[in-house]
Amino acid sequence: MPKVVTDVTCPFCGTLCDDLEVTVSDDNKKILSVRNACAIGSEKFNHTSLPGRVTRPRKRQPDGTFKEITYDEAIDWTANMLVKSKKTLMYGWASTSCQAMSVGHEIAEKVGGVVDNCATVCHGSSLIAIQDVGIPSCTLGEVKNRADRVIFWGCNPAHAHPRHMSRYSIFPRGFFTVKGHKGRKIYCVDCRHTDTARVADEFIQIQQGYDYELLDAFRTAARGEALPDTIGGVPKEKVYKIVEDLKAGRFGVIFFGMGLTHTLGRNHNIDEAISFTRDMNDFTKFSIIAMRGHWNVTGSGQVLSWQYGFPYAVDLSRRNKARYQTGETTSVDLLVRNEVEACFNIATDPGAHFPIDAVVSMSKKPTVTVDPHINMSTEISDIHIPVAMVGVETGGCAYRMDNVPIETRKVVDAPDGMLTDVELLTKINERVDQLMGAK
Amino acid sequence: MKTVTLTVKQAPELYLECENITPDTFAGKKADEIAQLPAYQGKEDTTLGEYFTIAGEAGATAAETQIILKGDCSKMKYIGIKMTAGEVIVNSSTDMYTGGWMKGGKLVVKGDVHSFCGLGMEGGEFIIEGNAGNYLGASYRGDWRGMQGGIIRVKGNVGSDICTFMNGGELIVEGNADVHIATHAEGGKIVIKGNVNRRVGGQMVKGEVIVFGKIGLMMPGYKYTKDVDLEVDGTKANFAEYVGDLGERHPKRKGEPVYGKIFLKK
Amino acid sequence: MTNKISLNMITCRSIKQGVGMEAGKTSQKYFDACSIIEMHADDFKKLGIWKNTNVKVTSSVGSVIVKAVETRQDLYPGLGHIPMGPWANQIVPAYTFSTGEPCFKGFPVTVEVAMNEPIMSAVDVVKNACGLLKK
Amino acid sequence: MSEYIIRNGHVFDPVQGIKGDKKDIAVKDGKIVETSALSASAKQIDAKGKSIMAGAMEVHAHVAGPKVNLGRWYRPEDKLFDSHKTPGMTRIEGGKSIPTVFKTGYSYARMGYTFAMEAAMPPLYARHVHEEIHDTPIIDEAALPVFGNNWFMLEYLKNHEIENNAAYVAWTLNQTKGYGIKIVNPGGTEAWAWGLNCLTVNDPVPYFEITPAEIIKGLIETNEYLGLPHSIHIHGNNLGNPGNYNVTLDTLKLVEGYKAKNNFGRKQVMHATHVQFHAYGGDNWGNFESKAKEIMDYVNMEKSITMDTGNVTLDETTTMTADGPFEHHLGGLNHLKWANVDVELETAAGVVPYIYSPNITVCGIQWAIGLELALYAKDPMRCFITTDHPNAGPFTRYPRVIKWLMSKKARDAQIKAFKNSDKVVAATNIATMDREITLYELAAMTRAGPAASLGLGKDYGGLKPGMNADIAIYNINPDNMPSDPEEIEKAFSGVAYLFKDGKICVKDGTVVDNGNKRTFWVDVKVKPNKQVAHDVKEKFLKYYSVNEGNYPVPDSFAPHPYVIAVDATQ
């Protein structure tokens, strides 16, 4: 008899929908169907049963091909690499459980690693901005229950967080928002007329790269000061009108994405958006929330913070202190400056998502990639160690984009003999202990 | 004043952390003691002696100590960090954090410096004969206390984010600057003899930025008030005065708001 | 005559890219979703090509061959978009302004027609850049 | 397990009324036993010239959870040049005002603490709180879920449905592995969700139309209906503002007519926390003054109250509280980075860095008020020492606070060091107070008292045979008290020995063992309640952003639980 697993958390994006229902075969081996997930989430669950899945570690041979090796061989090679390297980039962590991160950090502290997560190329700018000016924010349920002014700035949830609008931000009816979509005014600021812009009541098309100026204009307008005629292609009349509109709301929220974090100014764009939010609290209630990408990138930031006090790019290379400086201890900078000797990737794919100069630098160093699937990083690594998929084949804690922790669930068994991240890291940790004890 | 000369004998494989190269740490030490001072490369604990040939000796105090660095120091971090007195002269380029949290004395780099130099500087004189990277004279991440005092002079160009959260002191740039100048500043003075890309004085509360060349685009929160004659670093000229950032909060003095100011040479 | 235009380039997420990524980085879905450049109709005209033509996109750090397509996520003329992934990253400058965050959005590129040049697979485009591609 | 006999030390134990007498303490199987119960293999510890107390108990600190962690990561400057690893077995420690979990556990242990209460757990974030507790070494911990602005509670208490409210509280304690009922700015934090506040106990909460006074009384009744080990634990309305002592007195007086009902020996019905922030006179920052005496006159008389001080330590720190509107207000005063999180249906939290500068008169007055509260306290079993970590200062400053309390000389030196010492003296009574807290009183204020208030007095806070072997031995000799107050601070900074559950975890100020840390929580059995079950289901379906099935804290988050069972079905 097929079984239905309920309250399943989707391990794809930072929205972390936890209402999925997954039907699995009687023997716990196969996913038969997935309910309530978006197109991307469904694909993720289906991915477990795609043909050609690698289930054992592989080592690259001198001729460029990969040869299967045992887990023990892979663990030994990895531990030796970590112990030998003066400074190792230990990157990823965004698609694994908080429990796995904890073990990873223990290893990093021993071998002198720099622990960095995907925020480094995603919402790192947002974290820097929050470090500079703080952040007035709220949980997603607050948005659902109270928000009547919703701004999407430089983000496109219709594509990147598909169920965000229906679960939290535009359509749901909440306690004080019984009219749902009708009771909310939706704004979209973007340089493209995206699918998100199509559902907005007001679309503000901004010239790419002028967000900082436009946000400064919003703040200047909120204080009733004069503005130039246009700012980033937006007429000043429109700025004044929107600001008045926002002040008239009861509860406003700004969602922002990589349109701000990646664009010229980076942290400054978010800094200005947060400062605008702060200013608006003098007139009404206002919050701002980052649209975090990977499903547990927030979790990595949380665990690093309670263990070391920094949310990403944590340099433990001196082994007796934790340091942090974005632009120095961040992955892309470390790679491009050749400031590390080896790379350990886990639960993300820098090979696909780092600029090519960084990828080339990585390919020239001893590199191990731990990932359930073949990706661009595994193909340029010396060793690929496949593991069970967290959130599908094993559980563990994850943090949503608003920092709410939600437990992911195991719905099916991993292929026979495959290790989980926690098991693998624990074994690497033990091997590191042996090697370092032997020294 | 006594002089210690450090000559690079081998380049580090990665980057060498040289927080011990300061007059304060060297003070009272002979060459062989200085050679024993720790230096770091990742988890490798090493000594200055491994990477430098050391000659001469330090004075009894920091103020009586001069340090001269010869050879390529472009992969050396933290030179002159937290120095309170004395003199450091580097004949090449240096890496990050050169002159960070400097409190006094004089630091001269004859080449370029990388990012995060002069971070949180409180006093002293820092001269960069080449170019400087990003975050020169800024605050450490999260801190609201950037450059507090002292003077930094750059003969070449500077990168982005210079003097973020500046509260005091002075920066003079002979060349050009990239984006984000004096963001969140609450005091201090910046002079840029060349051009600036964009975003001068964003979210500035107080302080002055004087630009001799062009500003790519003025922030919308700035408004022109009047023309003024100023003497800046020995040059007399007529400048257009702008006040702002009007989107930011401003303290009041005698009931009148105090703004940040940009002076643009006419 | 090879025609060439200059664009301001951004690289962003798309739902197809998301689905493709989860289907597998070596899948056809991923290839179709990411080995493309989206441009405004005016830029197609300026370049003198029909949609679905291969083009070579070059930035300060490198070049990549992708297919030029039209999009629902309307761009304004002069703005180009390649979905984030290995193709886009061939041309993304790694400079981070000391923030850790490379220039994923807002860097200048040139686009020229490359009708007959093949688009490399995801793995090959990365391996090629790293000198690991056995030819 | 090992056996120990601690010989020749001066014992301070209010549980047994031992006031510094020389007495041997025997330890076996994690418990304190009669010396006769030891075998010949017991290890000897010589405590000659030292003072022995039970392990200290932190009654109120923000040490784990979402706002603490936000405070950590959004203040990298708090770790700048302050991250280190002491040689030996410990992990990297860091953070001046908001230490990492490793530093938190080690620091408490080094000062002789064996238990800490996380003072505010938003139920929705309970898993986060427990993940941090799990990673904090050595010390036992518990967490108080916040109820003072919870929608279920507001609706039940508006109609005075105590039984329903009690069933809901019991359900939440079970779901969150919580310890008791915390109230922060009752009603005011819900008002803050609309940018408003409740500044007196009679300001109605928007939409819900209930007053803070009704909330507090309803929760006292709920607490006593259930018979929980701890009483309600309250941070009242209008924290931090000049003239707020009247609101504080109004809040305290709400206990009148209530009696504690429980099986844990707890006597109070209200624990008022960080009273320093609630004992302000004047009506602006210019005429700001101490009302510590007025507050303590009432507390000394009303036996149904316990309290903690919230001592200002004169450091740069990071304020954090579920009192969202207060943090907004504070951010507006000092313009430092303001963070806020509103939590759906439950609470909010704010974080703002703050510098208590000895050059600022108000900070000096706040410093004095905190000390005055303890010095006016007639019953040290009801007045506990805290810094409301990290709000009035980091808990790592306890040795300094103890120094000030134990030495008038130290207080006078600090008063003299203030930039405007005359103004501080004029607005307070501190300069005229001669009382010096004794070691015996200190043991009550930091051990026996908090243990009794938390309902843990049977096993903790004392050194009586049968009690848990949590023991701190300090390098301080009551027969030869140091004339230099700095020696007091030094003695309390690093224990000679710390026993946790009968195991030596700290020796000579150095951590030698990670102990076996436990998570305390209260499991209350109530009669089945269909109404509440229905309401829970409905609220999750309609208003929460997570499924009901994903709300509880799994057992794996507290692998070493100390579960206190309460039967409220009678």
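Order of writing sets the labels: A, B, C and D. Residues in every chain begin at 1.
Throughout what follows, contacts are C-beta pairs under 8 Å (C-beta built on N, C-alpha and C of every residue); 3 or more make two chains touch, one makes a residue touch a chain.
What you see is a predicted model; the values in this text were computed from it and never measured.
The greatest centre-to-centre gap from subunit D, using C-alpha centroids, is found for C. Comparing each chain's Cα centroid with the centroid of every protein Cα atom identifies chain A as the most central. When the interfaces A-C and B-D are ranked by how many C-beta pairs touch across them, A-C comes first. If each chain is reduced to the centroid of its CA atoms, subunit A and subunit C end up 23 Å from each other. Taking each chain's centre as the mean of its C-alpha atoms, subunit C lies 57 Å from subunit D.
With centres defined as mean CA coordinates, subunit D is found 44 Å away from subunit B. Subunit A and subunit B, compared by their mean Cα positions, are separated by 34 Å. Multi-chain contact residues of subunit D (touching two or more other chains): 74-76, 78, 336-337. Shown for subunit A are the residues in touch with two or more other chains, namely 128, 131-132, 264, 319, 324, 326-328. Counting partner chains per residue, subunit B shows two or more touched chains at residues 115-116, 134-135, 140-142, 179.
Contact topology of the protein chains: irregular, matching none of line, ring, star or complete. All chain pairs that touch, listed by label, are A-B, A-C, A-D, B-C, B-D. The touching residues of subunit B, when paired with subunit A in their complex, are 13-15, 17, 40-44, 96, 115-116, 134-135, 140-142, 165, 179-180, 183-184, 199, 202-203, 217, 219-221, 223, 245-248.
For subunit B in complex with subunit D, the residues that touch the partner chain are 139-144, 249. If you check the complex, the residues on subunit A that touch subunit C are 12-13, 39-40, 43-44, 46-47, 50, 63-64, 120-121, 124-125, 128, 156, 158-160, 162, 191-195, 205, 207-209, 258-259, 261-264, 266-267, 293, 313, 326-328, 330-333, 336, 349, 351-360, 363-364, 373-376, 379-380. By the touch rule above, subunit D contacts subunit A in their complex via residues 64, 66, 68-70, 72-76, 78-79, 83-85, 91-92, 94-95, 98, 100-102, 124-125, 127-128, 131-132, 135, 151, 193-195, 207, 328, 331, 336-345, 348, 351-352, 542-547, 549-550, 554, 557.
Within the complex formed with subunit C, the subunit B residues making contact are 115-116, 133-135, 159-161, 178-179.
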